[in-house]
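Quick heads-up: structures coming right below.
Two complexes are shown next, each including chain A; its partner changes from chain B in the first to chain C in the second.
Now for the complex of A and B:
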């Protein structure tokens, strides 16, 4: 067997048995809104534009860098009454970004978390209601630490940590900006 | 190469990958240095590692190594790996006394097998820094350098550190390993005149230090650089050789498979040299001027 044959083996055999990569998009934004705020009347979208100073404050409060200068948020109302905030966010997974949505109450507590897209090899359990349920009621005064107040999922530790940190960062965003808009 | 022969080898590679039960694995961002993570309990990964080693400064020297490995998550912290190794060699116009008796050429041959355990003490995403330990056993019956018969048993212990930066977008790893080897060469009938080819048992001790940095520049894609220092000591000569390889790695990782391509030239080396070696700052007896490695892994 010559060099060319080795190259063929090296290159072709993986290609032959590779399963196609697929994007696992589990929920659309309207579906996540329905799950997190089933009684809502309206979702008013607006984009929060963050200054460098605000991003610095968010990092100071949450310990996490605010990667984006913009954050999509929805003000949730029912019959003119304010229910809370619906926020779509992305955090780094092992290979790709994980897209999730968080529902926050007017007083800065987590109402719920839904996973919109998850494309990693292991750790599909982040979509389980039981794991996501650990975020309910949490505020910035909670630790947000894996295996302290949020369980870890083996094989998806980075995803778990980044989702956990991401929710805490959204609570910091709420404290810095959204809390001052709640009465609008 | 005839299609039937190619298909035979293709099936063999797949078969080995599927049925071998495996070594030091998880998704590999690098070609040579290793991360600290293990597979979750019950998960499988299959690997195919192809390495081209070429150039000794004189004559022609090209060797291919193919490792087919499988890794299984025994627990969330303990992975077991096993695999089979193949090699081909093509060397002409180069004789190194004591090491390379002369020309040799053959296609892929089963050359050895390996088994390893990897235990994760600290997880990089949970404990701020990851730490794992590895224990590997390797048995080979073909010399990777000369391609001749040589029974070799090696036991390697290693430590792997891994640190995430920027939420995991930037990853640093550090390795240290020690390998003890017991080897006995086979007899050769047609040795060149006055050629030294000892068939007495040899015992060698090798130390390895490596580090690498990998950056995710786009979803699924990582670019990195890695380096590996290796030095070997033998009973009779003390430090027999040392080498420093360094080079870039490109990694693709998806939910079902991953691949890593590394170009790894030798940037410095020393110790024993062969008689008419023209390059003085590299070790070219047991190492080559460069290596290129392609790793492909499949998740189950």
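Now for the complex of A and C:
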């Protein structure tokens, strides 16, 4: 390691610089679509509306609560052939609020997952409607620039269990709704 | 000036969020290189995950006591390093505390947590042709090194694909590569959503251990997955240990040993070209071991 860096450490007073809560955007929806389905021709968006009984079914299959009544999904095709589904979803963890995209194959297998946006929180405000509204105001389909000054943070590991659980929920949604739409 | 990062992607991998930030060449090439690096991470996850019952880790746990099991070169390499660090740290880093982790609910119970386990990393016998045998009944979990190893292999893959500089961060265990300096922040142990800037670094790996995200109650007792192999006791203090080393596997493994022993011997760190920064609850620097 560079010895000079250590001198700089010693010169800093402890806790001199405290950065705000971490937030980062990784990919726009079109960018994630291209990465997860590089061969796709078209992405047809539609919003799945869920009834109370369907939400109950999702919970009983996956063990996860479907909190919202609508889910944005894209039917992915190439030259009329059906490739699978692209779904944008959100999960709330103990410390983070995440928007991610999942790609499911035509037969309902997970092809891949990409994080679109990651917001870290103090814990409390994650359920705060106003805070969430602020986050939602950001259009994910807009192209965005990366900040030049990226905080590289070392710390104890955060679990990605909430994403694993979110994907389980999407697979249940596929099973009870999307699987029956495949032949459209 | 900070390096210009032209592409950043994050995926859930190895039980955490893995972020790759790169720059310096055309975006199309960066995209390809990053996808390949993530493929490497996915392979390492399939081989070493304890959560996946079909991983090589769990094949070893089921079969290596009875007969040698041939493993992938990656798994063999990780086991070799895990043994080396176990030996150098006087047993403080030990990948055989899995039975306690299962009992406390940190790992799934593929095998009986209450099985007749007895032994340590010294009982992992590495034979020729990448075959592995357990001399005594042990249960291994490579979670303490697989993330660091994966970061190293992903960096290797990115470099092989011509990426000149960047950073791979596997949920807090990270490595900077290339001829660029990066600002580094460490979470404050007493308020982990806040970060302290500790300086700028290049060609360095950093891993941090602390119980702030993982400590919990288990049968009226405070526990964490940072378990002292000799006493079986969990580390539940409020300090954090960040280990700086040339590669991330070493940093990842050594940080677990140093957090268990506040008087960890300096010569051992030097042997691995490593240095430790210990932060108190409020972010005070408790100790700073220089190279």
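By our rule, the second predicted complex is superposed on the first by the 120 of 184 C-alpha atoms of A that agree within 3 Å, B and C clash if a C-alpha of one lies under 4 Å from a C-alpha of the other, contacts with A are read in each partner's own complex, and residues count from 1 in each chain.
By definition in this document, contacts are C-beta pairs under 8 Å (C-beta built on N, C-alpha and C of every residue); 3 or more make two chains touch, one makes a residue touch a chain.
Please read all numbers here as calculations on a predicted model, not as lab measurements.
Once the two complexes are overlaid on the shared chain, A:35 sits against chain C while remaining clear of chain B.
In the superposed model, A:155 makes contact with both chain B and chain C.
In the superposed pair of complexes, A:72 makes contact with neither chain B nor chain C.
Residue contacts after overlaying the shared chain place A:59 against neither chain B nor chain C.
In the superposed model, A:26 lies in contact with chain C only, and not with chain B. By the document's definition of touching, of the two partners only chain B reaches A:165; chain C does not. Applying the stated contact rule after C-alpha superposition, one finds that A:92 touches chain B and leaves chain C untouched.
By the touch criterion defined above, A:119 lies against chain B but remains apart from chain C after alignment on the C-alpha atoms of chain A. 1-3, 5-6, 8-10, 12, 14, 16-19, 21-22, 24, 95, 120-122, 146, 152, 154-158, 160-161 are the residues of chain A that lie in the contact sets of both chain B and chain C, per the superposition on chain A. Within the complex formed with chain B, the residues of chain A that make contact are 1-6, 8-14, 16-22, 24, 64-65, 91-92, 94-97, 119-122, 146-147, 152, 154-158, 160-162, 165. Interface of chain C with chain A (complex): residues 2, 4-13, 15-17, 19, 21, 31, 35, 147, 167, 169-174, 176, 181-188, 192-204, 206-214, 240, 242, 244-246, 273, 275, 277, 282-285, 288, 290-291. On the chain B side of its complex with chain A, the touching residues are 1, 5-6, 9-10, 13-14, 27, 39-41, 43, 48, 50, 52, 62, 64, 66, 73, 76, 88, 90, 107-108, 123-126, 164, 166-169, 216, 219-220, 253-257, 259, 294, 296, 298-299.
Listed in rising order, the residues of chain A touching chain C in the complex are 1-3, 5-6, 8-10, 12, 14-19, 21-22, 24, 26-27, 35, 95, 100, 112-115, 118, 120-123, 146, 148-161, 163-164.
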